[in-house]
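Heads up, the next two complexes both have chain A, just with different partners, chain B and then chain C.
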Partner chain A sequence: MIKYIAKRVGFGVLTIFVVATLTFFLMNMVPGGPFTSDKLSEQAQALIMAKYGLDQPVPVQYVNYLGRLIHGDLGTSIVNVGYSVNDIIADKFPVSFSVGIIAIILSCLIGIPLGILAAYRRGSAMDRVITSLSSLFSSLPGFVLAVILLYVFGMVLHALPTSGLTSWQGYVLPVLALSAGPSAILSRITRASLLDVLSQDFTRFLKAKGMRTKVILFKHALRNAAIPIVTTLGPLAAGILVGNLVVETVFSIPGLGSYLVKCISQRDYPVIMGTTIFYTAFIIVILLLVDIVYCVIDPRIKLDEE
Partner chain B sequence: MQSDTKAVRPASVAGIELLPDDFDPVPLGVNVGSEIPVEESIARRRIRVFCSNKVAVFALILLVVVAIFGFLGPLTQSASYDQVFRGEEKLAPCATHLFGTDEMGRDMLVRCMYGVRISLSVGLITAAAVLVIGCAYGSLAGYCGGRVDLVLMRIVEIVDSLPAQLVVLLMAITLKSPIDTLFEGLPDSFITQAGSGMFCILIAFSLLYWTGLARIVRSSVLQLKNEGYAMSARSMGAKGPSVVWHHLLPNSLSLIVVEVTQLVKDAIFSEAFLSFIGMGVSVPMASLGTLINNARTNMLLYPYEMIEPTILIFVITWSLYVIADALEDAFDPRML
Partner chain C sequence: MAKQTEAIRAQGPLSSTRRGQPLLQVRDLRVSVNSRMGSYDVIHGIGFDVVAGEILGIVGESGCGKSITMNAVMGLLPSNVRVTSGKVAFRGIDLVQAGEPLMEQLRGGDLAMVFQDPMTALDPLYPIGDQILEAIERHSGARGNEAREVAIEALRSVGLSEPEKRLSQYPFELSGGMRQRVIIAIALCCRPSLLICDEPTTALDVTIQATVLDLIRELHEQLGNSVVFISHNMGVIASLCDRVTVMYGGQIVERGTVDEIFYQTAHPYTKGLLACMPTLETPREEPLVPIRGTVPDPRSQVVGCPFSSRCSKRMKICMREMPPEFVLEGQHSCACWLCMSEGLSSELLRVPPISAQISKEEQR
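For the complex of A and B:
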């Protein structure tokens, strides 16, 4: 177990290293430095370049960059002068995180019970409604849903605020927009996985010995069906995180996602780089946690074996 | 004469009284083949299973209609996607402009057609690129096995753990200017009109999305390469690539088809997302994502500008989703 976790952590560090390297060289491919502009004299430009170490050869810059990264320094914004990427993340990420975590919890609360219901009443009208809703929402891109929700509830009905997070009502629309897709996927996976388990011999045996369907479902089948559900949760969480970019922009939420979108249009490269690395690290940690949850749910899985 | 009646008798009728004559050999020239129930061919069975899913058939028809709308539609229109009709700005759908016009007086119908064309092209081109890369990579890993497999699959694991959409975003930003310079010398065409941003997205998709297919092909090849037919092909002197191409890949086809259909949908999804945040097509060209984003600012006044592209993108992704689902059932190897 510990050996496995160590291995996965090592692998995670390697991935972050790959992303860091990739970002660095990709950013270096962009011609023209961040300070190239007509307003600055050549001399001033050279001074600023020297300040940020951009006058040095690329390999030296790379080593310096990695060195700073190891110390947790993600760089400095070049558009909002004076702000470090670490400050920006510390300032903006909690907002994104609060929306994201509510969205994930909500998708579990909606998706998994609906999946169980659909599997329990397989073939019924209820099952068909849930399955079609699931196909509807998992094929609706998040930003489209966000825009539709904004239009219907915010602008036509005036029922809910359309921007900001000043009150709890502000959370409703963004959280709904973020959690619809994941709920649909979760309900689908839950249904498929439960049906698979319910057709296995041990559930048939439980039925034969006279156990009630509800007990079979909740006490035996669900735990066996949990692995595929948990497997999808990791990537889903990552997806919600990225989906945040759009949803935060649409609902004008002052989180890291909308900030990143702004930085992209402003070409604030250090912030884009730093945020990408931060997001990657975050996603890797989530995936690692999901892997560890596996062993708790299903003791049959031995993580040390390939 | 007697043998004729025998041939006409349906072979499926069981429990019929048999006469000694019934066991006579059938005279030459009498066609009995049509009377013997032939086992349904695999392709035919797949088509039947697919067609038994009414929703999927509907989705397929819908997708074909939308594709015709996108690829042939612009030919029927006199307006171009960037043509400005002065004095006809912000029109609601009417007889001259069926989808209305946007705030610059451009015809929304034509712009939506181009948006559909872009979306579908991105999906198809990505699928083609991934098909080549994924199959080649996966079969190399699976067929060679051993250390080659180990190294290749480690690389897949690393690429897999990258947050795809973020890296695509990053690549789209950074590849833009080198490709811009590359594009300068090119003649004006659909590709240059779509712009370098689009090209970046395609490159980024191709570089990141192949891992799923590579995994599938690898495990399938790994499993199939020791089957009798592959071994006998090898023993007759067939080289590795030939065995893979003629025997192993055709037998993995079912898995490949399902994966690629889902991939088309994912690519269209991601393109719309990137266009929405302003990373996709260059300005005068329209993509469904950019159309929705542009309409966002004025959606209360001109909701149709947002509704039209929204419906189109939803129709495309929903059809692909349902088709992929039905293909999965039709190609399910457990049903064979």
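For the complex of A and C:
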């Protein structure tokens, strides 16, 4: 297990290196720069560019950046002078995470039970309602739902605040907007996976043993159906926890997602790079956790085997 | 052989006096499948008894309704298949009318079933011990160490070495033969009075098949329970069963003691099943005789005898009317018009109106 984790961490570092390289060159291919402005003279622009080392050729900048990255230094923001990228992530990420964790827990609490219900009552009206809702919400883009929620609860009903996270009510709309899609996807995966398990021979043998439906469903079938559910849940959770760009922007949440959008438009290179690397590392960790959870669920899966 | 038959008849399953009443009585069982095309019958009103302490074989090709029949008895039919009429009396309880809570108590307790493929019949994620203990705890009062003892004893009785160690092993750590033993141990751990075996050896190696069959026979002798053994293998049936029921197209076409079925074979279908089995005396060059054609699609409404389309001795009446079961000698009976003259001399099991016209046609 430890050997496997070490191997995965090694590959993770390699992945981060590749992602950092790609991001660096792609970012520099986009025209414009942090100081492109009509108000600054060309001379002033050149001076500032030189101060941040942006006047050097891109390959040189790349090598310099990697040198700092190895020491864990993600650089400082160009736009918000005086803030290091590490500080910005430490400041913004908890905000995104607090909304995201509630959303992902809510998605599990809604999606998985609905999936179980749909599979258990397969072919019933209940099943059809759940399946249709699931298709609807998994195909509805997040920003459409966010805007609808904003309009209905914020503007028409005046029931909930439309921006910020100053009170608990502030969490309601963003959490709803974030969890609708994942709930739908989870309910569909749970239903399909459970139906597959329930059609297997061992379910019939469990019935032949006289096991109660609830034991068959919750003790045996659900655990067997869990692998695809966890496989879906991992990346889904990673995507939500690091902050959804659209939802954070719509609800003016001071999280990492909305901040990244701002930085991209301002060409704040170090922040873009740093955040991307942070995302990558976060997803690598989540996927590793998913692999460990596989072992807990299924005794046949051994991580150390060749 | 005749002597043997004589002997069976003397004490016979009629030795039920000694071994008790019929344990399971199936009467006029009809099972139908609902599909998008509408519903159609797959079991056409069959009836049979399982006497306490006997091994009853049910033979037929795939799709003859053997498994459906016994799954109907167990209440394990898939959701689109249901019993439309008939009675399944088990120790005086009608299983067709019994609700799910009662069936759950009976299944795995007094009424057990073993399936075809041991590789997929156990939950892959739980240790063997867990899967046997949950059955024991469900059906007997035993808990904790007491239940563990029962489990170890059950595993030992099916010939598994080191049963204590097996409890913590997972199904994937056992071979197919060992898994089938575990499954039989689970089925028998609560001492069922009826064990249904649905082709339990079909998925196993030939060498393992024999040991599993021996095991079923041994345990049957020890426990004195009744066994219904479903198979398409006439050899297995001959070596194991007391009585045999031959099914075709959702109907029972012939039944009797093993000797009657194998030595006084009456139905052309049974003869066909026997003919396609090689014997030691069969010369190597001689091809086996297959039964031509395939089992009729249950969706097509067959008029007359379901076997008529494949039968080499087909007569006009066979395509018009299903023959009743004619009682032959002893316990032997056969649903074939060819048996009519013989059968008429004795009492009919089911007496449908046989018009004068038909008997005339027969004579011609």
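Definition applied: the second predicted complex is superposed on the first by the 269 of 306 C-alpha atoms of A that agree within 3 Å, B and C clash if a C-alpha of one lies under 4 Å from a C-alpha of the other, contacts with A are read in each partner's own complex, and residues count from 1 in each chain.
Operating definition for what follows: a contact is a pair of C-beta atoms (placed from the backbone, for glycine too) under 8 Å apart; a residue touches a chain by one contact, two chains touch by 3 or more.
Everything quoted here is computed from the prediction, not taken from an experiment.
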{"item": "Chain B versus chain C as contact partner of A:249, first or second or both or neither", "value": "first"}
{"item": "Partner chain in contact with A:271 - chain B first, chain C second, else both or neither", "value": "neither"}
{"item": "Chain B versus chain C as contact partner of A:143, first or second or both or neither", "value": "first"}
{"item": "Which superposed partner A:207 touches (first chain B, second chain C, both, neither)", "value": "second"}
{"item": "Which partner reaches more residues of chain A (counting touched residues only), chain B or chain C", "value": "B"}
{"item": "Touching partner for A:223 - first (chain B), second (chain C), both, neither", "value": "second"}
{"item": "Touched partner set for A:297, first chain B, second chain C, both or neither", "value": "second"}
{"item": "Chain B versus chain C as contact partner of A:189, first or second or both or neither", "value": "neither"}
{"item": "Residues of chain B touching chain A in the complex", "value": "157-158, 161-163, 165-167, 169-171, 173-178, 265, 269, 272-273, 276-279, 289, 292, 296, 299-300, 303, 306, 310, 313-314, 317-318, 320-322, 325"}
{"item": "Parts of chain C lying in touch with chain A, wherever the complex brings them together", "value": "74, 76, 79, 104-109, 112-113, 115, 117, 120-126, 134-135, 138-139, 170, 172, 183, 186-187"}
{"item": "In the complex with chain C, residue positions of chain A that touch it", "value": "122-123, 200-202, 204-212, 215, 220, 223-224, 297-300"}
{"item": "Touching residues on chain A, where the partner in the complex is chain B", "value": "11-12, 14-15, 18-19, 22-23, 26-27, 29-32, 135-136, 138-144, 147-148, 150-151, 155-156, 238, 241-242, 245-246, 249-250, 261, 264-265, 267, 272, 276, 279-280, 283-284, 287"}
